[in-house]
Each structure stands twice: as structure tokens, then as C-alpha cells.
């Protein structure tokens, strides 16, 4: 059985990782969709699809679990989005998502849809981690160590801070 | 004389219907544009273009008035939007719209533009009807009975409620 | 039962009309898709979607048969095209098309697909009619008289001839 | 040395002009990018790219300084935006922008990036000028006289006011 | 009076230059549209919009004639193309083009359209010049000397030759 | 060192596989780009991106070599294509491609570009394999056995044959 899990992974954190660990007990293979793949360099979506792929694959390297990572651009046309995902990915049987729109769209097309359990939601949260980066608080303990490395290599924290500077146009 | 009336019809309600009744006295044929045709499955735009077409044509079936229903995608380029509408529709002489941007764009291209009268705006309002659906209040009396049927068939009220669930990504 | 018939209708001719007559015996309602809606002003696709809608609705006006005319832009992404059509139209049960790609795409999604019979294919052909227009031969007897009127009003034959002039860039 | 300066110029005002005067001392030629070129007819972006080009070229006509004005559409894909600008413009050595995202994107690609000084920011501000137009206050002294002429010719102030009318769809 | 002249300028050659010289006697200002601006790196369209802008502005620098160079992307939607051009450029009164589609589209919108005279068409031809580059024949005498310089700087002839290598995928 | 290899893989054949075997000796990780990802259901590009991903991953499963498979849509804008690929993939040091346009684009951006050796080009060719499928000749020995399985499961040969039927619109 193959599963499909989609998220924005901005950045990939320990909560995401534990979700994948749980799902890996239920499916034989997992497709990990990189949602909003075209977005980057904003406070909400600081990292490119390529950077997010590296975060995920470095972290999962040591685990012997078969998965695919597929970037999925937003298409701003909800009614055809499931079909778009199907065209870009191997077929799958079950969909995992914490996002109600994603669940609704797949459910209406007849998919089995599950809502993964997320532990420690107040800290294992992309929004919280980005806020900590911006305000100079500790964030490294909330993501896998491989993700810390990736973000340091690309100077990701400074990218986020520079994007916050005021604009006067 | 042919008229053009554009709206989002999310959903098509009795206020919309009375506007069409009024306009039908002034024109020989009416083009009904389905605005933001590509949008669906959001709280603001829950229904697909196809679903909205069905709502309108079922309601108007018993009236012997010649009209066209044409889905119009957003193109996010205001200065060419009138030209885009002209390419997709039969030619028309007068434009009806409650939206000031639509009126401005057509007016600048030299069209006669009219603002249809809307009765009972506080209740005959897409926003109010969607709010009532979401909160479990009575909404059925605000739309034509054919629209009630369509929304029941597609389980539209539950779609809106499911889209409201919290997201934790 | 609702049917879906898609074509480019460049222009709408008597062969098209006889197809619709046949289909009208099999279905209760017919959705007529205007394929390649965004195309116009080329030798292969001279008429805009709006012009093609007028040709069809003028011709069908005298027949008491319920139909919808929906412009469908090309999206250059075959694997999601059926989903795109579904989003823009009321639901349908059976698809009619002379185009093998259209038939294949709908068939793979589980639709019943039929190939309409076309009489007198050498003359009832968009390509043949456009060739006759270009070369100044008689074409009017191959299309419904309403279509002759529409093409005369928009000076369509001269449009095609002017497009054939040589280019030296 | 060639410089690149991008802005939305909604409208082009005296603060913009003084920035160009400053930059003209540092570079031999200047490319002036018209950002969000596809936007117009909104309260935030009332003027078309063509209208903004006229404002700039009329103002700069009397100054003997070589510059290019290039409209740049938004592409909603930050990671490829620099490459998009490079494809549409002559090559440049230094980038001037008040926008932190623009600076970040060019900086990550290795460009020298400078933040132009802006005098009298509370008044020499597109937002403030649009607010004054909307509320009927004096705005003409904040833009070059050529810009006043352009806006009068296109009846720009009334465009903005009409766009503010309430919408009831 | 302002004129609009559009071409692909692949590359800008002496025939193009003599057209501009002629037009400059008829209009006060000229908008030079860079057609198919998004295309480059093919045998038919080897040069980017930025490279073509440089060719034109370097050549015209010594002539004291006011002009604008505006890149215009293809939009593959003929019926709205005139409107698209209008949005991106200052207003103009007369259109010059050797391309019958361009002339038809502007003529149908009511513009005065002129077909510029082209001398020595067999040699002053983008296609012929690209062929000569590819086959190692002399081409430099067919373009302004500034264009020779630009093409040498970007190693344009070798670009074209490398694009001709066989492909085995 | 990470390499990037892009192809259309229509279908993935033994020639492709031997290229990957060769490259795997030179790099530590390989990104395999699925070119023209949005294309499918044509004689030239019969298989979806998802189907091609399955062909590749099933074939490579038994080899212990780290790779990524990333679908890459065509964007019809050559000058920004490299930047588009970079945004969607992990960073890479060397590019492998049999396509001269791909090589040129990466070379101009400063990448090391290599042309992989291909054995038995007359038979190990997507075009030849598709021709054989269409004409009912033997093709199975030209692709890995896992690819034979995938194509059988999706009834790929009949898809290609049905697409060849004549069209009479």
C-alpha cells in the first residue's frame, strides 16, 4: 500500500518526522509532496522546494523506508488539484493531511483520508519555528539535526531576518 | 439588445434572481458570466463553476427568457479583462454589475454600465448565506428551491463545514 | 441523462448540426464544449469563442432542445484535462467526440465514450470549409444559414484571407 | 556601469525622482523596472504599466540621462524572479531597491545591492499620495508636474474614487 | 503622433533599421515592441529580449529620435493580444507591422495599420542571417556594426551552432 | 558530488539505464529530472510523469545508489529554465544531457556539462520503442523488465494505438 502525505515543510521539523514514523507503520511506500513548491523567500515560506527536499532526504537517509519526494506547485484551482497531484505522482491508496482543504478535495474524489496525530503542536509548528528564527530565540531543538545543518549552510535564519526589514516603496 | 451580468453566485440566491428578472425587462438576451470560475472549495467560494451553472439553469428553466451562462476565470490582469470577456462571449451592449471594479473596467472601454438594484441586501447576500450554512442557521428560504436541491445533492453545507476545521501545519 | 460533446466548431457546419440532432435522441440535455476557446485569428482557428457560441446558439434557437455552451480553453496538460472540464461544466454521463485523444482521456477516467457518425465527411469538414473560404469557392451551402449570417456580419471570410498574406519578418 | 532600479511607481513621485537623480551620479545607464506591470485599477495599484511608463519618460525627458524603462510582470515564484528580470533586460552591475525581498533575491545571486535614500518619506510615498487622491486632499505638489498632467488626462483621481464604491455581491 | 512597431528582431538588421528610419519621418515618437520576448536559445529565436534590447538601443543611440523599447511576451490568445499590448505601452496612433496577424488584430480594433517597405528582402532577413551564422557564411554586413559587437560579446554565433547539434533522447 | 540528468523517459529504456550506471561511477548522488512532466497521452509523450517515476524507481530499486526523481514541467521560457530547475532540486555540480538545448542553457550559466555515451542508439531509443508499440512489433527486450510490467499494468500499448485513430473534426 502506498500513502501520500503533503505539507509545506517550512521547515521540516520533529513533529513532521514523527508523523512520517507513524505512517511508515501503515504503508509500504510513502509519497511526500512538497506543497507550494514554487514559494520561497517570504516569512511564511522562506525555503525553496530544493532546500526542503534536502532537509527531508538528509533526515530520512538513515531510516530504511521507501519514499518519494515530489514538488507540487500551487495551481489556484482547487477542483482540479487532486488530478494534478495524480498526474505527477505514482498512484496511492491513502492520503494523510492536517489541512482541511486537502482532506476535503481528496475525500470528494473517493480517497481514504486520514488526519495524522501531531504531538506538542505549540512547539512543533512551522509558524512557531519561523517566529523563533526571526526573533533570535532557540529553534534548533525543534528540528532534526540534519535540518539545522541545511539551514545553516544556506544561511536561512539571516534570510528570514533580512526579509523582515521595512520597505518604503 | 444583449446584456452582460457578471457575479460569483456563491451561491445563486433570490436577490440574484430578482436582479435577472428586472434586467430581463430591459434586454432581449442576457449573458450571465460566472466570475472566478476557477475558484471552489473555499469558505468564500465554495461551489465550482459547474455547480453554479446548474444552480442558475435549473432556476431559470421555467422562465422563458433567452440567456447564456459563460464561466469566466480570473486572469489577475485588470487592464485586459474586458477584452478577455469579449473574446469568450457573444457581443453585448450593456453591462450590469454590483462590483465597482467591473463597472470601472467596462466604463473605461466605453460600455454603458448599470448598477442593478438589490432588495433586502442584509439577507440576500452570498456572504450571509454562507455564514448561515457554516453556523447551522436557516438559509434555505434565501435561495430558489432549485438551488436548495443542488446544494443538498452535492452535500454543499457539509463541504463548507469541513473546510472550517482547524489546520495544524 | 446528460451528454457532453466537444469540438472546435471552426466553423459550426451542417455535419456538426446533424451530430447534435442524433445525440438529442439519446440524451435529455447536452453540454456543447467550445474547444480551444482561447484560439482565434489563425487559418486553422479563425473564429473566437464568442463568435462560435453565437453560431451555435443562433442555429439551435428554433430547436426545442436543452443545451449548454461552455468555452473550454486548452490547458496543455492532458492528464488533468478531464478534471478541468468537469470543474467548468454540469455533470454528464456520456461523452461524444470524434477526437481520439478526447475519447482516450475520458475513457481512462471511466466515462462512456461514443464516436458520433459524421455524414459526407469530405465536405462537412471545418478544414474543407476554411479552404473554400480562402480560395473563394462556394462554402455557404455547407453550414446552417444562421452561420452564414454570423460570418458575414464579422466579415469572417476576409479575415481569413488577410491572415494568409505573406509575412516578411 | 549599468544600474537596475525597480519600483511600482503608483504613481511616480518626487521622492522617486530624487532617487533617480542620486543614482544617475553613480551609473552610466539605468534600467528602470516597472514592477507588478500587470496590475492596475486597484486602490493599491491604480495605474497601468503603460501609464506609468508615460509618467516616467515625460518627467525624465528634459534630463540628459540614458535609461531604459522595462515592464516586469509579477511571476509569483521568487526563486526564479532574478533570472526572469535578467532575461528581459540588458545586463546590469548594481541593483537599487527599497524592497527587502528584491534586495534579498538579488543579493543571493551575487549582485551588489544598494538601498536608495528616500527623503521626506511620510509625504513622498505612493500610499500617502493615493490616500490623498481618494480623500480629495492636495497631492499635486508631491509628484512632478508631468505626472500631474498624465493623471489628469486619464482622469486617474476619479478612477481611484470610483473603485472605492461599495460592492454588494 | 506616436507609432508602434513590433518585430522579433532575431537579430536586429539593416532592413529593420531602414524601416525605423522611414517611420521616424512620420511619427514623433516610436514604441518598438520586442515580440516573443520570452523566447531565446532556439534556432528561430536565438537571442533573449535583453540581448535584443541592447542591439536596438546601441544602434539607435547616435540618432536623436525618441523611442521606447518594450518587451512583449507571447500570450497565445490572439483575441486579447491588442489589449495586452495597450496595457504595457504608452498609447499610440498607428501600427507598423510586416506580420499579417498583427495587422489584422490591430485593424479589427480600429487602429490605422501600415505595412513598412522592406528593401533587399532576400538578404535583410532574420532567417537568412541566422542561416549564414549557422553555416559559417558572412553575415556581419547585413546588420549594424553595433549588433555585430553585441553578438560577438555574447558569443551568439557559437550559441546557434551548438543548438544545432544532434539530440539522441 | 551530485549530478543532474534530465530526460523525457518516454519510456525509460535500457539505454537510459546504462547511462545511469555509467554516471553512478562519477557522482555520489544523482537527481533524475522528468522533463516535460506535464505531457502525456500523445504519440510522442504517451506516459504521465507519475507513470515515468514508477518506471524509474521500480527499475532502480535493486541498485543501491542514492537518487532523487523530480518532475520538471516545461515552462517555454528558455532563459529562465535553469533557474527553474535549481529552485525545484537540491544543488548539483554537473549536468548530463543528450539534448543540445539543455547543455547550452546550463553551460551558459557556468555548469560543467557532459554528454552521456549512448550504446545501440538505433534501438535504445524512445522514438523507436514507441514506433514498435504502435506497429505491433517486439519492444519488450529494449526496456528493463520492470518497465514492461508498468506499461502492461496501465495498458500503455493500447493507449498509444487508440491515440493513433483518425480524427474527423
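Letters A, B, C, D, E and F name the chains as they come in the text, with residue numbers starting at 1 for each one.
Following the convention adopted for this analysis, a residue touches a chain if its C-beta (ideal position, glycine included) is under 8 Å from a C-beta of that chain, and two chains touch if they have at least 3 such contacts.
For each chain, UniProt lists the protein as follows: A, B, C, D, E, F = Nicotinamide-nucleotide adenylyltransferase.
Computed from a prediction, not measured in an experiment: that's the story for all the values here.
Novice: Could you tell me which chains are in contact with chain B and with chain C alike?
Specialist: A, E
Novice: Quick one: how many steps at least from chain C to chain D, stepping chain to touching chain?
Specialist: Tracing touching chains, the least step count from chain C to chain D comes to 2.
Novice: Tell me the fewest steps from chain B to chain E, where a step is a jump to a chain it touches.
Specialist: 1
Novice: Which rotation angle, from 0 to 180°, best lines up the CA atoms of chain A with chain C, given as a multiple of 5?
Specialist: 180
Novice: At the chain B/chain D interface, shared numbers over all numbers used: above half (same) or below half (different)?
Specialist: Different, since most residue numbers here occur in only one copy.
Novice: Which option, B-E, A-F or A-C, should count as the same interface as B-C once over half of the contact pairs match?
Specialist: So the equivalent interface, with over half the same contact pairs, is A-F.
Novice: Between chain C and chain E, what's the gap in Å when you average each chain's C-alpha atoms?
Specialist: Once rounded, the distance between the two centres reads 36 Å.
Novice: Rounded to the nearest whole Å, what is the centre-to-centre distance of chain B and chain F, using the mean of the C-alpha atoms as each centre?
Specialist: So the centre of chain B lies 45 Å away from the centre of chain F.
Novice: Residue numbers in chain D touching 2 or more other chains?
Specialist: 38, 40, 48, 77, 79, 86-87
Novice: Connecting every touching chain pair, does the picture come out as line, ring, star, complete or other?
Specialist: other
Novice: Can you name every chain pair that touches?
Specialist: After working through each pair, the chains in contact turn out to be A-B, A-C, A-D, A-F, B-C, B-D, B-E, C-E, C-F, D-E, D-F, E-F.
Novice: Residue numbers of chain C touching chain B in their complex, please.
Specialist: 37-38, 40, 48-50, 53-54, 57, 61, 66, 68-71, 73, 86-91
Novice: So in the complex, the part of chain B that touches chain A is made up of which residues?
Specialist: Contact set of chain B toward chain A: 38-42, 48, 159, 162-169.
Novice: Note which residues of chain A are touching chain C in the complex, please.
Specialist: Touching chain C: residues 77, 79-80, 82-84, 86-87 of chain A.
Novice: What does chain D use to touch chain A in their complex?
Specialist: Of all residues in chain D, those touching chain A are 7-8, 76-79, 97-101, 103-105, 107-108, 118, 121, 125-126.
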